[in-house]
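Chain nomenclature is as follows: A, B, C, D and E, assigned in order of appearance, with residue numbering initiated at 1 for each chain independently.
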Amino acid sequence: MNTIFLEFAVVGLGIVLLLAEAFVDRTNKDYLAYLGSAGLFVILLLSFLPIQGPAPGSSDAAFITSDILSVFFTRFLLITTIIVLLMAPGFKPVLARYLPAEREGAGVGEFTILPLFVCAGLMWMVSSIDFIMIFVALELATITLYVLSTYLRQNNASLEAGTKFLILGALSTGFFVYGITWIFGVTGTTNITALPHAISLLPESSILPLLLGIALILVSLSFKIGAFPFQFWVPDVYQGAPTPVSAYLSVASKAAGFVVLLRLLLALETVPVVAHKLYAVITLLAGVTLIFGNLAAIPQTNLKRLLGYSSVAHAGYLLMGVASLGSLMAIPAIGLYFAAYLAMTLLSFVVLMVVAEATGGDEISRFNGLSQRSPLLAGAMLLAMASLAGIPFTAGFVGKFMIFEVALKQGHFGLVAIGCVTVAAGFYYYFKVARAMYWQQPTEETAIPVSMTVRILIAVLGAGILAIGIYPGPILAALR
Amino acid sequence: MLLASYWFFSTLTIAFGATAILLRNPVSCAMSLAVCFISLAALFISLDATLIGIMQILVYAGAVMVLFLFIIMLLDLRMEKSRRLNFGATLGGGLVIAAFLSMLTKVILSDPEFAKPLPPLAASAPDNVRMIGMTLFHSYALPFEAIGVLLLSATVGVIVLSRRTLR
Amino acid sequence: MSPLLLLILLPLAASLLIMVGANPRRTALGAALLNLVLSVLLFARYDLHAGGWQFVSEWHVLPNLGINLSLGADGLSLTMLLLSTLVTFSALWIAPRIEKREGLYYICLLFISAGVIGAFSTLDVFFLYSFHELALIPTFILIGVWGSGDRQAAAWKATIYLGAASFVLLVGLIALYLSLPSGIRTFDLRQLDQLAAAGTFHPASWIYLLLLVGFGTLVSLFPFHSWAPPAYACAPTPAAMLHSGVLKKFGLYGLIRICLPLFPEAMQQFSLLLVLMLIGNILYIGYVTVAQKRLDWTIGYSSVMHMGYIFLGLASLTVIGVHGAALLMFAHGLSVAAAFALCGEIRRRTGTLDYSELGGIGKVTPVLGLLFGFAAMASVGLPGFANFAGEILVFFGATFSSIYGPAMILAVIVGVWGVVVSAIYMLRAYRSVFWGPIAARWETLTDITPTAKWSVILLLVPLMIAGFYPQFILNMVGTIIPR
Amino acid sequence: MQLSTIAWITLVIPLIAAALILLVTRANKPLAAGLAILSVLIAFIGSWFIFWHGVNADYLGFDWINLGKTFSIPFSLLIDPLSRTMFVVVTTVALLVFIYSIGYMRDEEGYSRYFAGLALFLFSMLGIVLANNLVMMYIFWELVGVSSYILIGHFYTKDSAADAAKQAFIVNRVGDFGFLLGILLFWISTGTFLISPLNSSAGLFVEHPGLLALACVLIFCGTVGKSSQFPLHVWLPNSMEGPTPVSSLLHAATMVAAGVFLLARIFPILSTSPQACEIVAWIGAISATGAGFIAIQQDDIKRILAYSTISQLGYMVAAAGLAVSAALPMFHLFTHAFFKCLLFLTAGSVIVGMHHEQNIWKMGGLMKKMPFTFLAYCCGMLALSGCPFFSGHYSKDLIMACSWEHHRAIFWVLVIGAALTPFYMTRQALVVFFGKPRSEHSEKAHESPWVMVVPMLLLAVPAVCAGYPVVKNFFFKDIGSLAEPEIPPYVDQVFLAAFLLGILGAFAIYRNVAKDPLRIPFFAQRFYLDDLYDWIVRVIQGGFARICSFVDRWFIDGILVRGSATLVWSIGFALRFLQLGNIQAYAFFFGAGVIGLIYLILNVR
Amino acid sequence: MPTLANYLLASGILFAIGLGGVMLRRSIIIIFMGLEIMLNAANLSLIAFSRYGLVDGHQIFDAQVLVFFIITVAAAEVAVGLAIIVSLYRARQTTHVEDIDTLKF
């Protein structure tokens, strides 16, 4: 099967659901979420059929590839989207509160459907090998995400988050475009796979402009993945955006950014003059990102914001892996880390969403005594936090283990040392949540109701964390 | 001739670009921006990118600028309140811009390739519009389709965001 | 099914049952008892003549990374397993009535138990590490929720400290793994040992330092000890018992398993460093213990101090010393668990452990006093308890290696003096709590309950058996030596 | 039954009794006492049986620790003349003390605990006596320490008793510090700690006399602690807080005797090191005389006896230091065991009669009220003082003679001690038994029950005649030479003169006085040594501990641990203020980041 | 004849002006204008590259297609962006960046 079919299937699903939303007269829009995730699930299953890239020589072949990286992350994005879609029904009350709706359920449908387009964009992004395609796919995802972040338009935080995301995102787009321009100007191509050859033909003097282009691309990718000093939007947007959108941002859009970064690096690896400069810079980025993300997270009191900082921190660990690309295991390690990251981050966002709805806020103090109000939610959150902190037998641990392994193998001793300090910091801020849930007394004793969808989500994600933590083999194998 | 047009339009572009971000009245800004974009279109055309130049005028100077002006009017934005000038920020911003420009200049001047004169177009220069069309619909079919999705998604988004009440 | 896997899974299964609503105490106790019986059986069934790893079973996890869940036990692991199940059962048995969230309490304890059992029964360094970390969160919860005193600060400190240290350890282990030639990289202890024995594997000595700091912190090696006393003092009794009695031995176990065979040169090279650190443990911490004014802190610090002896045995790098260290691990585990158990009993009765407030309660709680006397004397290193046998072996081992340098001579002298120091603080503790005139408000104290009594006796009896006839442990430990 | 079996049974039976009493018969007083006495009776019979057989053997028991060829610690019994003699002394004295205890402890609390402790004590002592190696000896040595701790602290609700027990244990441990180091040093130098090979290993030290001396002195530290020699003697007087039979057992045949026995055990190797012997002799002499001086100013009936014990132990240690024969100190130990035990039993009898009043100045005129006690006391007192025809005279005389022969300075120091002993004993006798009753209790005093009197009278016999040549030859002929050295006759006369001087001086000063006419604070305050030690413990050790604690709390935990945590936290706290919330600030940082990144990429390496 | 460097410099200055607008102006609308200037600056470079980097005397039309895409995307971005600004204004009656800094630290 042609890989392009998958993306178009997602787009088609989105259009079908849009039509359904428009023409089916139901106030309860939950069915859209279930339909959407069921459709995505089917697409996910389809992705396990034998997949070829576009036929060589066809026009698409210049843009799209179906290597293991793209296949892996396509599935990754599909799974993320399924879970985010399933979060939507739980988020209905918040939407109802902050949308100027004429009748019940207004706006819920679009909120459920737009992620599908984001998904399609990100899927294109992870399989494209051409800057132009990447640009278009990236903008498809990003612009839709601007909308989703601002979705609660009567909520100041959401508006603020959307505005910040918009301005900074557009700024980053500017740099991206400018970077493509320079690379194109120097090499005459926008195709990543063609880059090494094109560079090899370049005279010595043209390296500087090329490097400028690469630096600008790196800027915008750093923005996308939330690496210091381009991470500033991350905590603010995560805190303000609707919870499922924050979850989506932190998992899917970060992953897509990393895939592009990986592709660029893998292509340039054969060009030593560029590659070693890039590695040096990425090593540095990894170090400062680790420090900023982890240390600045320490004093946080708002869980959503904390997860934003944590997302920056994990970008740091992932960058550690990227900086170690020289090792054969680096890409499997990064993939594993992402798989882990998906499970643990989404699980914490799911629990956060339920608890925030039940207690009226997403500060850590709202979690006080959660273990007495809902042992299930508390246990799930504890598992997620343990995994984020990197406790063995959870996915987060094997992820960190592999990352540290490849980093050590590549001799990044400084990064590893920073990693140790920041892991300790991580223990502190993740365990702050555990403390609230288990040590503190709840302000009210009533049990928190948990819907069946959420229960299933928790069960699946929790099982995922443990499964990856105990038996990570298949995921590593998928990327080798 | 080309040199003169280069100097004229580029000066115009830069000057109006600068006024667009320096003036206090949003409407003046928007108008300056429109002039900036139009002169940019002229630059495009002088570089033999006729279609793009025309699109630039249509889409940018036309649609986009109208949208800007429309919003400025809609929101009734007046003169930016003359808040206290943040000296530190201005200085910092200026420094960043200066550094950026200096590095850019260094890069541009470092490559002798960039100093070469304008090469002549082949005698049988194909039709600009036709070639872009060919490229776009033949080679770039996939991005083009993706852009279609982008526009759809943006449309939905804009509707959701700007309807007074949702149905 | 592998008996060792069963040993690990039983507590986990029990905690699952508790999660779905089984009676927490009975389920937990049942699982612990089964485990105890099972480990005694394994201990007895181990074939001493054959030696080596027995009850081996293996599941592939990441075979091409050399990571497999392989379980197996030799004499040393079985000894530690016996210790773990003994202390677990005793700790669960002595646990007081919990009013709220009883299930969580027992689940946490069972997780700690499963973790240590797993750590002691795996043949894979990766899982060795992983199982140990299983205790981190339960400890955090136990101390924070059911602890006493400044429990939150203590829980924080212990968790962060141990978490950070274990990452240092992890880095060391990965570095060790990477220093193998690619292609035969493995985390399997058996293969590592073979490589080391063949003399083809010489990891860099800085890796040893990482491991020493990592393992050392888990064992509260000076100066990485300051998490331990507050954590033990503040932890609820069963947690303190499990943590100080069993979990802490993990670091030593790791040193014996990994550093001794793989880093003989490095251990030689940095022996001065280790000796200085362990002198800090014995002498300096010994005197810090003397200055303590509360019973729980005294025992907490004393447990830190006694680690110095075990390190001395390891640092001696002699067969005698390592035997002594292993025996001492077993002995200290039992004795400190008993001490914390009784300490908890006292706190439950009086609400205080301050020496200035206590005194003379031996008059009204004679059995408690007697048992505490046994525990105290064990900790002091009195003959008849396994602690003495271990210490004396350690001294002989260290003396044997003292011909290599003055540092070891100093260590021996300090070590022997430490025996005096431990007598000073332990007898002072005993005298301040149980002896002297009794204050009027303690006249009505009740003596120890039969449950608590028997759970402490359960710890003391093996301790004394091993004290009278240490050979049955030493024979087991001896199976690790053939190299 | 084989002899080895008998020896093992004899050794273990008190332990079994102790365990049974502890586990089974806590509530049943007669059964507890019965078990204890039965065990000691068996031990008594067994020891005499073995002694009678006169075998010399090394009964291999089992390897307590066995690490293959490299190392093993055996548990075996060494039966030789020395241990055989000591064996019977210990069991005999113990039997009498056990029986006496029935009466003495009748109304006390913790009756069963007391007998369990006694049995454990006996077990430990027998272990020391029979051990064939130093490690085994050390093991029982420690057990003796803990048994004494239990017994001295018997009245643990009294602060003084609790403190005394603690002090006894810790001071003993200080001595054991040296003992263990000595064992280790011997082991590393000779490769063995078995007594017989060790004693014949002198040849290994020919090149290193200093090492030998050091090892011997370290072992001797054990003796200093256990036998309460200067400077570790302070615990012994304080240990009088225990029940009097305990003191009697402690001071006669067990505990303190163990130290001297240890010296006798390693005598062959010790005697090859002149330097070590010199130190041993001087420590002994100093203790002998110093304790005598302190004793003359004590008011507590038991404390006087305690200091006299230190003094007499000093004689034995000094005798060992003379390097003449292992029998020399053992002989004095032998006679001393009987008369000192007797003296304590009589003191106990007096104390019971006086309703636990121990100050001699509250007594007086007890001769008539407690005639049997007085009679027994006289025997003990005269024997201790060295009165001719009493046992003490013979052993002490022999020591004096040997010291004259081998070490003149020690001789003169011991002579002073020899004068002090009769002085303070006579003082005690005069104040306690003569004159008028000086308190209500002494007026109402009464003779003790038969169960106490009979052991006293039985002990009086050996106290008188244990020194006679017949007895001496019977018990000591195999241990070593006890021949009187060739000395001028005036040496004996000096010794006798010292004895007379002591007695007459005491008569002159203490006849019919109501309170002490002598006031020598320096002696009364025990040379201020107790205060000095108190100061050392409180200020030096306590200070050091507090400094360590301070460092641990504020430097290691405060600065290093919490400090670095706080540092990280503060960095995080500061870093988050980069997150200003203002879009323009973000854009500025973004721009700056771009500049930085471009700069880096263009210029890195 | 203007060289490629001339065009690149002009485009660079324009880009810097746009960046300056984003960094220095406080009105979100103007900031947005700055962003548009940046995109256009990139377009200028692209066109210049396409004109100067002839292949067989033909312009490289890929670059012009990219410009086409950029213009389209920019239009969509402006639409969405202005919609967001309108929503913001409706809710907060402000378009000043200094008024929207509640999410911080």
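Going forward, a residue touches a chain if its C-beta (ideal position, glycine included) is under 8 Å from a C-beta of that chain, and two chains touch if they have at least 3 such contacts.
Quantities reported herein were computed from a predicted structural model and do not represent experimental measurements.
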**Study point:** Steps in the shortest chain-to-chain touch route ending at chain D and beginning at chain A
**Key:** 1
Point to revise | Third chains touching both chain D and chain C | key: A
Revision key, fill the gap. Shared touching partners of chain B and chain E are A, D
Practice item. Please state whether B-D or A-C has more C-beta contact pairs across its interface. Key: A-C
Check your understanding: Going by the average position of its CA atoms, which chain sits the greatest distance from chain D?
Key -> B
Review point. Looking at mean CA positions, which chain is nearest the middle of everything shown?
Key: C
**Study point:** Geometric centre distance via CA averages, chain E-chain D, whole Å
**Key:** 96
Point to revise | chain A and chain E, separation of their C-alpha mean positions in angstrom | key: 26
**Study point:** Euclidean distance of C-alpha centroids - chain B vs chain C, Å
**Key:** 70
Practice item. List the centre-to-centre spacing of chain A and chain B in whole Å, with centres computed as mean CA coordinates. Key: 31
Check your understanding: For chain D, what residues touch not just one other chain but two or more?
Key -> 576, 579, 581, 583-585, 587-588, 591-592, 594, 598, 602
Revision key, fill the gap. Each of the following residues of chain C touches two or more other chains, namely 160
Check your understanding: Do you know which chain A residues sit against two or more other chains?
Key -> 132, 136, 139, 143, 146-147, 150, 153, 163-164, 167, 171, 175, 208, 212, 235-236, 421, 424
**Study point:** Touch relationships between chains, expressed as pairs
**Key:** A-B, A-C, A-D, A-E, B-D, B-E, C-D, D-E
Review point. In their shared complex, at which residues does chain D touch chain C?
Key: 63-68, 70-71, 73, 135, 138-140, 142-143, 146, 149, 153, 156-159, 162-163, 165-166, 169-170, 173-174, 176-177, 180-181, 184-185, 187-188, 541-542, 544-546, 548-549, 551-552, 556-557, 560-562, 565
Practice item. Going by the contact rule at the top, pick out the chain A residues touching chain C in the complex. Key: 329, 371-372, 375, 382, 386, 389-393, 397, 401, 404-405, 408-409, 416, 419-421, 423-424, 427-428, 431, 434-435, 438-439, 470-473, 476
Review point. Can you list the residues on chain E that touch chain B in the complex?
Key: 1-10, 12-21, 23-27, 29-30, 32-34, 36-37, 40, 43-44, 47-48, 50-52, 54, 56-59, 61-62, 64-65, 67-69, 71-80, 82-87, 89, 95-96, 98
Review point. Any idea which chain D residues touch chain E in the complex?
Key: 576-577, 579-584, 587-588, 591
Review point. In the complex formed with chain E, which residues of chain B make contact?
Key: 2-3, 6-7, 10, 13-14, 17-18, 20-21, 26, 29-30, 33, 36-37, 40, 43-44, 47-49, 51-52, 55-56, 59-60, 63-64, 67-68, 71-72, 74-75, 77, 80-81, 83, 89-90, 92-94, 96-97, 100-101, 104-105, 108-109, 113-123, 125-126, 131-132, 134-136, 139-140, 143, 147, 150-151, 154-155, 157-158, 161-162
